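All chains are identified by letter, namely A, B, C, D, E and F, in their written order; residue positions are counted from 1 within each chain.
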Amino acid sequence: MSKVTELPPDGMDLPRFSGIATFMRLPHVTDFTGYDIGIIGVPWDAGVTNRPGTRHGPRQLRDMSSLIRRYNGATWVAPFDDCRIADFGDVKVNPVDLDMTMQRVTDYMVSVREAGVMPMVAGGDHMISLPILRGLVADSGPVGMVHFDAHMDVNDSYFGGSKLTHGTPFRRAIEEGLLDPKRVVQVGIRGSRYDRSDEEYAKDVGIRVITIEEYFDLGIQEVIKEIHQVVGDQRTYVTFDIDALDPCYAPGTGTPEIGGYTPFDAQVMIRSLGDLNLIGADLVEVSPPFDQSGGTAIVGVNLMFELICVLSQARCRQKA
Amino acid sequence: MSKVTELPPDGMDLPRFSGIATFMRLPHVTDFTGYDIGIIGVPWDAGVTNRPGTRHGPRQLRDMSSLIRRYNGATWVAPFDDCRIADFGDVKVNPVDLDMTMQRVTDYMVSVREAGVMPMVAGGDHMISLPILRGLVADSGPVGMVHFDAHMDVNDSYFGGSKLTHGTPFRRAIEEGLLDPKRVVQVGIRGSRYDRSDEEYAKDVGIRVITIEEYFDLGIQEVIKEIHQVVGDQRTYVTFDIDALDPCYAPGTGTPEIGGYTPFDAQVMIRSLGDLNLIGADLVEVSPPFDQSGGTAIVGVNLMFELICVLSQARCRQKA
Amino acid sequence: MSKVTELPPDGMDLPRFSGIATFMRLPHVTDFTGYDIGIIGVPWDAGVTNRPGTRHGPRQLRDMSSLIRRYNGATWVAPFDDCRIADFGDVKVNPVDLDMTMQRVTDYMVSVREAGVMPMVAGGDHMISLPILRGLVADSGPVGMVHFDAHMDVNDSYFGGSKLTHGTPFRRAIEEGLLDPKRVVQVGIRGSRYDRSDEEYAKDVGIRVITIEEYFDLGIQEVIKEIHQVVGDQRTYVTFDIDALDPCYAPGTGTPEIGGYTPFDAQVMIRSLGDLNLIGADLVEVSPPFDQSGGTAIVGVNLMFELICVLSQARCRQKA
Amino acid sequence: MSKVTELPPDGMDLPRFSGIATFMRLPHVTDFTGYDIGIIGVPWDAGVTNRPGTRHGPRQLRDMSSLIRRYNGATWVAPFDDCRIADFGDVKVNPVDLDMTMQRVTDYMVSVREAGVMPMVAGGDHMISLPILRGLVADSGPVGMVHFDAHMDVNDSYFGGSKLTHGTPFRRAIEEGLLDPKRVVQVGIRGSRYDRSDEEYAKDVGIRVITIEEYFDLGIQEVIKEIHQVVGDQRTYVTFDIDALDPCYAPGTGTPEIGGYTPFDAQVMIRSLGDLNLIGADLVEVSPPFDQSGGTAIVGVNLMFELICVLSQARCRQKA
Amino acid sequence: MSKVTELPPDGMDLPRFSGIATFMRLPHVTDFTGYDIGIIGVPWDAGVTNRPGTRHGPRQLRDMSSLIRRYNGATWVAPFDDCRIADFGDVKVNPVDLDMTMQRVTDYMVSVREAGVMPMVAGGDHMISLPILRGLVADSGPVGMVHFDAHMDVNDSYFGGSKLTHGTPFRRAIEEGLLDPKRVVQVGIRGSRYDRSDEEYAKDVGIRVITIEEYFDLGIQEVIKEIHQVVGDQRTYVTFDIDALDPCYAPGTGTPEIGGYTPFDAQVMIRSLGDLNLIGADLVEVSPPFDQSGGTAIVGVNLMFELICVLSQARCRQKA
Amino acid sequence: MSKVTELPPDGMDLPRFSGIATFMRLPHVTDFTGYDIGIIGVPWDAGVTNRPGTRHGPRQLRDMSSLIRRYNGATWVAPFDDCRIADFGDVKVNPVDLDMTMQRVTDYMVSVREAGVMPMVAGGDHMISLPILRGLVADSGPVGMVHFDAHMDVNDSYFGGSKLTHGTPFRRAIEEGLLDPKRVVQVGIRGSRYDRSDEEYAKDVGIRVITIEEYFDLGIQEVIKEIHQVVGDQRTYVTFDIDALDPCYAPGTGTPEIGGYTPFDAQVMIRSLGDLNLIGADLVEVSPPFDQSGGTAIVGVNLMFELICVLSQARCRQKA
């Protein structure tokens, strides 16, 4: 592939505390033409059912992303060398209008898809995965999904009929034919539950749910095999809810559930996804007001970097 | 007046860190009958245009309200002795449905009014003042308002047409005939502005705006006179946005503006309102995620106590 | 069993940030009659030898307990369905009078026992386990105990003769015939030590001490077997000191010791206790001033939920 | 006077973040002989009726005291040049034994007095002023007191008879003939009250209470005159409760009351005391867990420095 | 004047939590041509003698600057309408090389001056004012300076000879002929002192020092007159050290001194400078690690906005 | 060996929150004669390339070290009984002069070595290991090193030629013949990288790098074997960078890298080093401004205690 890359400034040249905070210190662009991967913020939290704050996620993630360097020290993937990647800025949301915002995110993702760009989205609450899938998948047929989370997010509705919250996106996405539930795998599900209906729904439609108990029983290598077996080699989206991790690593989130896995486990699992047929990814639910230290965002941007690495691997293969 | 009072437990008997956190350690009741004043939470922030979190306000205010004792040390008003007051709990909101929540708050306030109770509401963002006024005032004709705030909150709309945000409630209330703009006085207005339209609107409809600059020029005694002159002896509502204060006293709020007055000034101004014909009050915009120390809420509950003192004075006169 | 249950409001109906903060959003009752399990706060820290603050524990635990839902997602126990459970409020302590408070907690626990209720106590510092045992066990003969902690808490005295501190409760309980040391197992003991006398005492009286080193050597399944073997099928109390966990999960505590186990491990161990002959439990040493974020309390209430699940299992068997 | 002074290391020589944290970076001594002023910690909070933590006060005050330099920039007093001053360490308290600790503080202060040293004590909660006065005054006849505080601290008892709490020391001191109530002036009293009995007691025994309302009415120069008039030229103790200040300056305290004066006001008032016949001073109620930033302690050590300046002025006159 | 302005996006259109964080949400440019005012970060703290962290200042100031709107609500100056203003990014510093960084800042300011741009610099520690003045003033003859600060910053050297620290810049600037000491006025000087040499130096060279005591004695209107009288109508630089303010408003700084003025006072004073012959300004010593809440930075960016308003007034006159 | 030991005060006698904060509550001495081990602070951070603050490390470590008791509960080593150990205070640094400070640390370590004392140094940033090695090793021939870290710290230079930063010390030490690279083992290396040159350098000179991936693959017992095999029985230094740990345990550091090992693992590894021929140790990169809670320092002092235990074991053997 011919490369026209933008490299972030070298932290050994320009100090990392310096300069405008863009994702990974990449250029901020508004014209998507020619890019392989676009890093996009969706500063949204009006789908949150308990503690808000994820609207501030993209900005804190950008700030902390200065800590990211050029090479993945474990896989030696160098995504900014291999692909053309930039910070596309934020989708323009309306914090007091759910429907308008859903439409804007969908429209934005249509443009991204039409420009041939693979999106790496930073949330925002988990509801944003729905309009992302609407824009990315549209009527091209359902995709598979690797879903890291403490929660299944397949509730039917909240608060007496609200169909669009951060607890419902994947029920909607399945209903709308955006996701093939038999190619969806959820890793890390746990916590107390309102009732058993989510579990039954997931079973009925064929989602592969790996609870945290099963996760530890299987061991990470078996989990990785299972992930690959479920999603196969068709088009696949990756969604990472930061609350998949134990809250000691990611306290800055709205619905923490104790007893999760570690960032290292997450790194190992994400690194295994480089051979999938990926179409994009998101990392959601970082809520800065609940972690002003930035620690949660530091974890978040490191996982975004891992996701970008596997997206770039997929992209290189797709372009080859 | 015959008294059937509920007194909070004495902090010299039951330690203040102890027990269920209700407002002022009063009983939590659900039947309003026979109460003079009800303290009511509206845990809402979906009208916020920038930093969310006020949905957590009522709970933190309840927690910190244990610091409040029985007598006002400056005026020696003893509201819990003079009136029957309880914690009515929270209005049931739907954080993802603005219209449903507006209706619920309005309905709730209708019940409060019909039960002959004076409401002391803890927000929530400032948008809640609109449904409170809708419920309290209904078609009984416009009321006056003493409005402590850094912002005028009379914008027309946000984000390309959204009419209901925490920046617009009083424009709506005037349009709906709930407020008589000539009997509205705003104290502490300041900060950078989007444009001059709010100022012009206020001037056109006759709101008396006391900017912070005028506030310091006049001096607090003149401001108090001005407040009384504007609202007169007709029915009057009081709304206190915690961001009226300098942010050093109340950092836990969504839209801080530097250069405000002090809590002592606020206490002195509120204490002067005991001779007005009050119908209720709110204290809004305490946002716990931006002040986990609880300091902002400590200021908030102290001002709520001052408001309760003047409400009880008004109530006693009304019942006499 | 005939059920007269009080269910907490559903978080999908009433938002979890809303309402008066009781434990698990259960009703607050003062008449214990007919309850299976009572959740009780003991806001006490005057037994603390280093960093205070646990007197604020019950309130913060109540606040964070809104995050708890109805079902245990791992065991599918639904304690609020299976048992009648309520928030009994706090025992009335006197923060400046140790002896008076010890007596009050003892008396309170006598009433609880006489009402046929199983207590789930939220501390407070670890000294409270002594008056709880005094009230619960009285002269019915010594009970066994599963004790999760970093510290053995069997010191003889502190500061030149003080016999009642949070470092001494179980020495006293053994001396008073409340605990059968041969049926006591301690899990997670670690940290630097003042001297070897505690260790020798424990050995002499027959306490089974599983240090953290042995814990990791044995593996969690062997530890669970060992716990069951030590306490057997006789009456057993469970005490969980939050400092049993690694401080990264529970920084809000007075005497953190690095190198502990995880909340997941704690969950797995507690879940195994459902077949024991349980008489009550406590969770102690959550100190909010040292973790204003509430993260420690979130862990604490989740473990309280796990304890309530196994108490309810035991209760159902006892009532059958 | 012949000078044998110990000067703190110059911050322009040894960086202020460096070295063992003693008060004002002075030598830590255990032999009091020959010293004019001893700075002494009393790490105690078992007299606290609400939020604990002042036991950690002396250590945080020592840490922050590195910010203090050699000269008072307003009065150009140079206390470390004019007097021999050292850090005497902490009085050995027993956090679980009130009576033992009261005795130890008293005994310690007897030694200090017998060594001819003027004490500058850092608390600790306000109860410590009682044993300090017991040790300092003993049977030499009652002294006067300048008392900066939000609270009068002349309650009779708490929690059904507890006579020794941080709300009662000065009632006890008056009863014991340590203080002459007619020579006691309290500056900054405010906040909600349990009842009117304190006020009546103060009036009965003749304490001059300057409420915060009167404080602002009189203006600071009149307050200073009033202070001097009340205490006169007889022996006088100074006690500064950090909660005298508005909580925005000193959030790290157990019983904040909004609406206080500023640190600048406190500085001006303290500086005026250099012509009194001072016998010692304390600064109490700094509670580090409620302000981990150290901001409250920074205010505290600056006021301690002001107190040391006036103590040194008094000392120089006494030695002249 | 012909206007080619860049306006920040309207917060009523694009939410303020959204988008890349540039100063005041202005475009980030690297070609200075045609700009009236450039906002420039100097992320530097290697001149700090006590607590570091100001290298993170520009980034946090950018983040918080989203709170700034278009008009000054007190003076109705609209700087982004009246002038062409942009975010120029950060000067490239080397955190481990003082001399290299001094040179780079100087060179950068030469370019700024040569491009005909007025700089509004965000620090960084106060040492940066020296290379700014070197670049701006060069050999065009000494300028006047309005200096808001708690400290005089005219020490000769630190730590046995170090001539370049944040305590020495203006001694150097005077020695180098960049500042005319007789046209320098310092407002708010206070705190304990190492010795009297700074004071004597200032007196000798003719700096007008307004201590905080004199500040409160004179009153703000007299101080404003004095400022104007000292600097006159010749070329003048403005430097604002955030520690000029009382630390309750600006805890996030390295060398807090209690007893300062308020942000409102600072606003009033800055607003009076619009008629001076200004050449640039800086705002320094915001240290994010000591205030992760961002409160200090919120004050900082509001004062930057006030400074930009007066720079734009001066600029308009100069261009007229 | 004849013992003249100084024991820290017993926390069961003198409360741990009490007294002057020295390391482990040991005496602070300035005459090194007769000591086996000296605990020494180097409050330095001017070698930091990103986030500063480690200059405040020694003070916070001293504060938190009160939590350490007399015996190691796992190995029952009692270092303060077996060796003569004291707090030697801080090396006098000049925060604005790198070269001067490097020389001072070197000179200080020469004295320590000449006094026959084994140093346990608390940083400070990692650059301080270079002057420590210069002073300790001098021309006695290269030593081995056990290096716990997330980073290799063998960069050649930063920022266009700066040879002395916290990213370069061990490249310099190898170049200067202080370290034998073939006897250096690094444990826990991970994170994104600037380039591959460090890795190649390490390979070329023969450093044994155990990445975190290899660490988890090998298992801790194999890692311990590998460490012993690499360093052998010749003279060996130990350096522990707190960022070797996962950031959830040590957020207070400048360059956190997710995915590290636990403090328990670190304890087990350090405890295995007691049979090595140790010459000293350091623990570096604790940065208090990024963890004001002190949690990172609590981990730090516990690991310092483990290091002191193995140093004392080595010392006893050397003296035997």
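Rule of thumb we're sticking to: contacts are C-beta pairs under 8 Å (C-beta built on N, C-alpha and C of every residue); 3 or more make two chains touch, one makes a residue touch a chain.
Note that the coordinates shown come from a computational prediction; the quantities given were computed from them, not determined experimentally.
Asks: Would you mind naming the chains that touch subunit A and likewise touch subunit B?
Replies: Touching subunit A as well as subunit B, we find C, E.
Asks: Where each step is a move between two chains that touch, what is the least number of such steps from subunit B to subunit D?
Replies: Steps on the shortest route: 1.
Asks: Using mean CA coordinates as chain centres, what's the subunit A-subunit D distance in Å?
Replies: 56
Asks: Averaged over CA atoms, how far is the centre of subunit A from the centre of subunit E? Could you give it in whole Å?
Replies: Here the centre of subunit E sits 41 Å away from the centre of subunit A.
Asks: Identify all positions of subunit F at which a residue touches two or more other chains, and write them in rising order.
Replies: Correct list: 15, 17, 49, 51, 55-56, 94-95, 158-160, 248, 290, 293.
Asks: Mind listing each pair of touching chains for me?
Replies: Here the touching chain pairs work out to A-B, A-C, A-E, A-F, B-C, B-D, B-E, C-D, C-F, D-E, D-F, E-F.
Asks: Show me the residue ranges of subunit D that touch subunit B in the complex, using the header's touch definition.
Replies: Counting only subunit D, the residues touching subunit B are 49-51, 155, 158-160, 167, 189-196, 211-213, 216, 246-248, 251, 255-260, 290-291.
Asks: Which of the residues in subunit B end up touching subunit C in this complex?
Replies: Contacts found on subunit B: 14-15, 17-22, 28, 41, 43, 55-56, 58-59, 62-63, 87, 89-90, 92-95, 292-294.
Asks: Tell me, which parts of subunit D touch subunit E in their complex?
Replies: Against subunit E, the touching part of subunit D is residues 10-13, 15-17, 66-74, 76, 248-249, 262-264, 267, 293, 295, 298-299, 302, 305.
Asks: Under the stated contact criterion, what part of subunit A meets subunit B in this complex?
Replies: Residue list for subunit A touching subunit B: 45-49, 51-53, 55-56, 94-98, 100, 158-160, 162, 164-165, 289-290.
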